[in-house]
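We just call them A, B, C and D in the order they show up, numbering each chain from 1.
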Amino acid sequence: MSQTRAPGRKTRFGVVGAGLWGSFHCQTLNAIEASELYAVCDLNPERAAEMQRQFGATKVYTDYRDLLANPDVEAVTVATPDFAHGDIVLAAIKAGKHVMSEKPLATTLAEVEAIASAAAVSGTKTMVDFHNRVSPPIVAVKQAVAAGEIGVPLHASARLSNTQFVPFELLSWAAKSSALWFLGSHALDALRFIMGAEVKRVQAMARHGHLAGKGVDTADVHMALLEFDNGCVATLQNSWVLPLDLPSIVDFRIDIVGEKGAVETYPTMNDVVKKYTGNGLRGADVIGITPTAGGRIGGFVTEAIARFVDAVVLDAPVLADARDGLQVTRVLVAIEESARTGKTITLADGVA
Amino acid sequence: MSQTRAPGRKTRFGVVGAGLWGSFHCQTLNAIEASELYAVCDLNPERAAEMQRQFGATKVYTDYRDLLANPDVEAVTVATPDFAHGDIVLAAIKAGKHVMSEKPLATTLAEVEAIASAAAVSGTKTMVDFHNRVSPPIVAVKQAVAAGEIGVPLHASARLSNTQFVPFELLSWAAKSSALWFLGSHALDALRFIMGAEVKRVQAMARHGHLAGKGVDTADVHMALLEFDNGCVATLQNSWVLPLDLPSIVDFRIDIVGEKGAVETYPTMNDVVKKYTGNGLRGADVIGITPTAGGRIGGFVTEAIARFVDAVVLDAPVLADARDGLQVTRVLVAIEESARTGKTITLADGVA
Amino acid sequence: MSQTRAPGRKTRFGVVGAGLWGSFHCQTLNAIEASELYAVCDLNPERAAEMQRQFGATKVYTDYRDLLANPDVEAVTVATPDFAHGDIVLAAIKAGKHVMSEKPLATTLAEVEAIASAAAVSGTKTMVDFHNRVSPPIVAVKQAVAAGEIGVPLHASARLSNTQFVPFELLSWAAKSSALWFLGSHALDALRFIMGAEVKRVQAMARHGHLAGKGVDTADVHMALLEFDNGCVATLQNSWVLPLDLPSIVDFRIDIVGEKGAVETYPTMNDVVKKYTGNGLRGADVIGITPTAGGRIGGFVTEAIARFVDAVVLDAPVLADARDGLQVTRVLVAIEESARTGKTITLADGVA
Amino acid sequence: MSQTRAPGRKTRFGVVGAGLWGSFHCQTLNAIEASELYAVCDLNPERAAEMQRQFGATKVYTDYRDLLANPDVEAVTVATPDFAHGDIVLAAIKAGKHVMSEKPLATTLAEVEAIASAAAVSGTKTMVDFHNRVSPPIVAVKQAVAAGEIGVPLHASARLSNTQFVPFELLSWAAKSSALWFLGSHALDALRFIMGAEVKRVQAMARHGHLAGKGVDTADVHMALLEFDNGCVATLQNSWVLPLDLPSIVDFRIDIVGEKGAVETYPTMNDVVKKYTGNGLRGADVIGITPTAGGRIGGFVTEAIARFVDAVVLDAPVLADARDGLQVTRVLVAIEESARTGKTITLADGVA
């Protein structure tokens, strides 16, 4: 691995977005020896200042353009709301920075295409944070498939859904997104990653009304059928209307049946930890963020962020690049179109 | 309940088909006080004779037409291979007999329509053995939905699949059927039964090749999206290519998410009994056929058959009638058509 | 099977105890062709009258001695509170009646010994309702062990516990019993039944304080080690302090590891039905009482009661006899003694 | 945190034992910036040389005494077979080295007492690698208990067992250990860690014969009852005779019931990943060793080792100290004694 830095010198990173995921970015950049959390940025000056105070960045900004204009910033990570990813990512690429974005890269196909085009000709790294690619159960599934343990995949199912807590409580901007965009992007990429295959045909249905009737004007659920270019057919389900009393706010399940075997995973609602403390069964995260000390990171959520540092500092491959983001976005758009028109959408050859 | 028989007189039943399910029919008719297993029938004379010997019927036939011509036979049950249901059921109705058929009623829409038309004007009972309507977990789910425990259903998933044992070993006539017809009929009826709703729109994909490549020329799997007339959207998955080393040869799962709650069931591959005796996890049936003595029946498989006796003898409603069989068949045909053409199929108003 | 009744004549049964289990007795006796629910009895005249009204018995009593004095009553079933079983059972045997008791036969060893002695010399049937002997998962486990699927049993674990609902809400007489007596009797008998072996050595610990501190003066939990005469060592756990928000009020688990394999069962808290309707995961009974029509019984709870009718009417073996009740009681008493003294209790040869 | 090293200087570690766990030690020491894998040691010169080649240590030894005699070695980790821990640990302490041992510290109480005495007066760190203290599900359980989510613990169960693969295939020295020593040490420490309580009374049974009959002369299983000084009673089960076709070679389960709630964990045989590839259900590790890149460690197995580096370099507390090892050993010895004598063993006040 070619080192791009002088011995001992730390690469300077900037983080845009002072929410939960921004804090994971900051922690990870602080934990890794080769990276320096140099700058932080949030639209809200108080949140930006608190972010600087908590994580110790040298610089603080409220406008990402100012951060990008600082030549000392070598790489940028983006953890703003979904609809605010695209502009920042594109500007960062154009400013010659390495950039990692939380998924999705952007919320319109045009934006994502522009990003992918810019990334293709830039000399810098662009990464979309499809962190399930380092989630232990997803990796275990991928390894089983890649090792031929189940033979050729014949059919699959993926579901990644949230309880109503997410659209009603967690996200102030839920009406600008949907379970399909917020979660389907992850699930689709996981299927692509596991099988090393692309979607070539899409059918879909959606249901509207429950969320909209309570003030969040977006789809309750999208359900899609996907045909992959390896011949595998799959269902994809993304709901935002699961009941609040589920053991987890995330219901993530993938199963793949092949000629010789099958593999199934429940990364979230599983039986590893079961708590009954007055309101029924509750689980616990044991893989996303894990217990550490000594300033280390632990869990796949931070490992994924660390992969961006590896890419920048060690010239390692990114976990998922702009083209991955584009492929996923094209399928999401096709699902929306099929749900709207009732037509089967065939993805262009160049895409799949 | 109005009794249609004189006190003490037993109603005379005939059973056509000497396989496993025919034996369940015979056992049940023998167990119930009000019914007499009067006649048995199988194309194969030796199997027919053995059936008579084992279950003690007065008459034995090798041609169902002879059985139907016997005026002493009041009611007939049909447990032949799937493709051989339709002719017998229609002839039985026309002969003025009460008739129950294992599902599906027939394997072409034309046959099922003819049966439904004949049944509509007959004075006799026609029942299709959708036995999941008395399966305890399915009934528990239906009761929860009917009681409003989950509110209006928003989305659902159903899967009913088999390991490759069924197409390759169990059924000599697998190529004349498919997981869709063999299993999808049950799963679809279960969704209709649970929600009290009909399918109005269908999209589907299928995969061919694995079974066909090994000599059983039928689909590996059908995957469908269903829109019900209560607004619920659902996925339906029916595969015949599951691996042989699953804990059960049947993978049956249904989940329904409503405005206020959710319910999920695993009638087959569940954790009630787990055995490890050299070849990995194996389960056990604890609801289909259950331990009894004293000549009693036990389990929902035989309870469903007993419901036909109730219908004939006590004038109770049948568990599912010819119209149920027709509705299900129309959806199956629509799934096949959508899988073939890639088009969304809208079921006619009169149907849905 | 030799019939003890004239053709068409129904055997006359009396039921003592108008609670939930008494109603199961009545339903079962009404459902079976060969039995007649002839008499009912409850200390409370209103409950007794309501029982007669609901189930249609010819006679109604408030004193079981009057019921036993009626020579037309041929067989008696007992479904009173646990502490009120012994007197009735013993009196029934002495009155020359067949008798079935809900478990335990009695709540002192002296009473059970007296019953077992009386039963040994009576010409009538005595049955204790260890209904798990016909529970489908327990039968599946027993069959696996009996068939040699796991080889010689090496070690086992059994737990049968309740949420705090049972001592605090369900049973007004909880302080006169304990999880050990109320539940341990079932679990112990299940282990005996599955392995065909007897306990020969016992160690135990108990914890007191939580229930007592809230007004129900009995043990919170008993935990025991058991050595069986087939060499198997086992743990037995019976708690009455499980949290209220478990998916079921009953936590029943058994696992047995043998030389060649292992088998495990979760008859109650399993994944067959999962409901989320506002208070977290809830399950559903799918084996105890199952859906029926036509006046039939369904589920192992009623099948067990029917076995008593079989025993009386068809001279079939009882499901479990007074000696079974005695063996279980001796072990319960040994567990209590070991918990109190800290000593290992060796059961006398004659016993084990 | 007080740094004990000069800026940039790495602390020099030696690893004794070239097996799987020794490789985890080496990887971890290499991954952490502040530690240097300076020396490796194995009795077998070829294995020692290979270890040096693979992990790049400066020094290589075949006699641990030579390694300890090197003043440049500041800290030592021990990953030899269980029976060979004690001598090395004690010698390391006496040589003034920091030392971490895989559990158990030693296999006799006398050795462990000597180690604990020496550790108490040394100025160096002694750690026993009870890595479950950083296993995410165990930490989740501890946090729930510590936060009062379940109230005062009333009863608990722990089982940590292996399939027969471990005594028959994995460990050449199985007859010198047992499931109790190899696994019970972990399970006991986990209960102590979760509840912050010590065992004060022990009863136990063991079964011998199956392993011995096949040439591995040790107990098949130990089952124990434990009373903790917080009033909690618990069962502990450690078997080495589980069937080979379980989904995992490790069956680890803990459940704790408290006054206000309950918590249960399945760190190994859970439903996170389910594979069916010809031999029945198989799982996958998703928490012990997790996917990383960039030279990072991932998973609790390596995190635990890293805690020893933290202790040495940052003066952080060790994960578990020699006194923890001693407490656990005293309980193991008490379990063996109780199983042998049938007596309840009360642990001395000073101990508990």
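Heads up, the rule we're going with is that a residue touches a chain if its C-beta (ideal position, glycine included) is under 8 Å from a C-beta of that chain, and two chains touch if they have at least 3 such contacts.
These numbers come from a predicted model, not from an experiment.
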Legend entry - Contact-richer chain pair (by C-beta pairs counted) among C-D and A-C: C-D
Inset, instruction - Measure off the straight-line distance from the CA centroid of subunit B to the CA centroid of subunit C, and report it in whole Å. - result: 36
Inset, instruction - Averaging only over C-alpha atoms, locate the centres of subunit C and subunit D and give their separation in whole Å. - result: 43
Legend entry - Chain centre separation (subunit A, subunit C; CA means) in Å: 54
Inset, instruction - Spell out, as numbers or ranges, the residues of subunit B touching 2 or more other chains. - result: 150, 243, 245-246, 260-262, 276-278
Inset, instruction - Name the graph shape formed by the protein chains and their touching pairs; answer line, ring, star, complete or other. - result: complete
Inset, instruction - Write out the stretch or stretches of subunit C touching subunit D in their complex. - result: 150, 152, 154-155, 157, 159, 201, 203-207, 209-210, 220-221, 223-225, 227, 231-235, 237, 239, 241-243, 245-246, 257, 259-262, 342-344
Inset, instruction - Mind listing the subunit C positions that touch subunit A in their complex? - result: 243, 245-247, 276-282
Inset, instruction - Spell out the part of subunit B that touches subunit C in their complex, as residue ranges. - result: 32-33, 134, 136-137, 139-141, 144, 149-150, 260-267, 270-278, 284-287, 290-294, 296-298, 300, 303, 306-307, 309-310, 314, 316
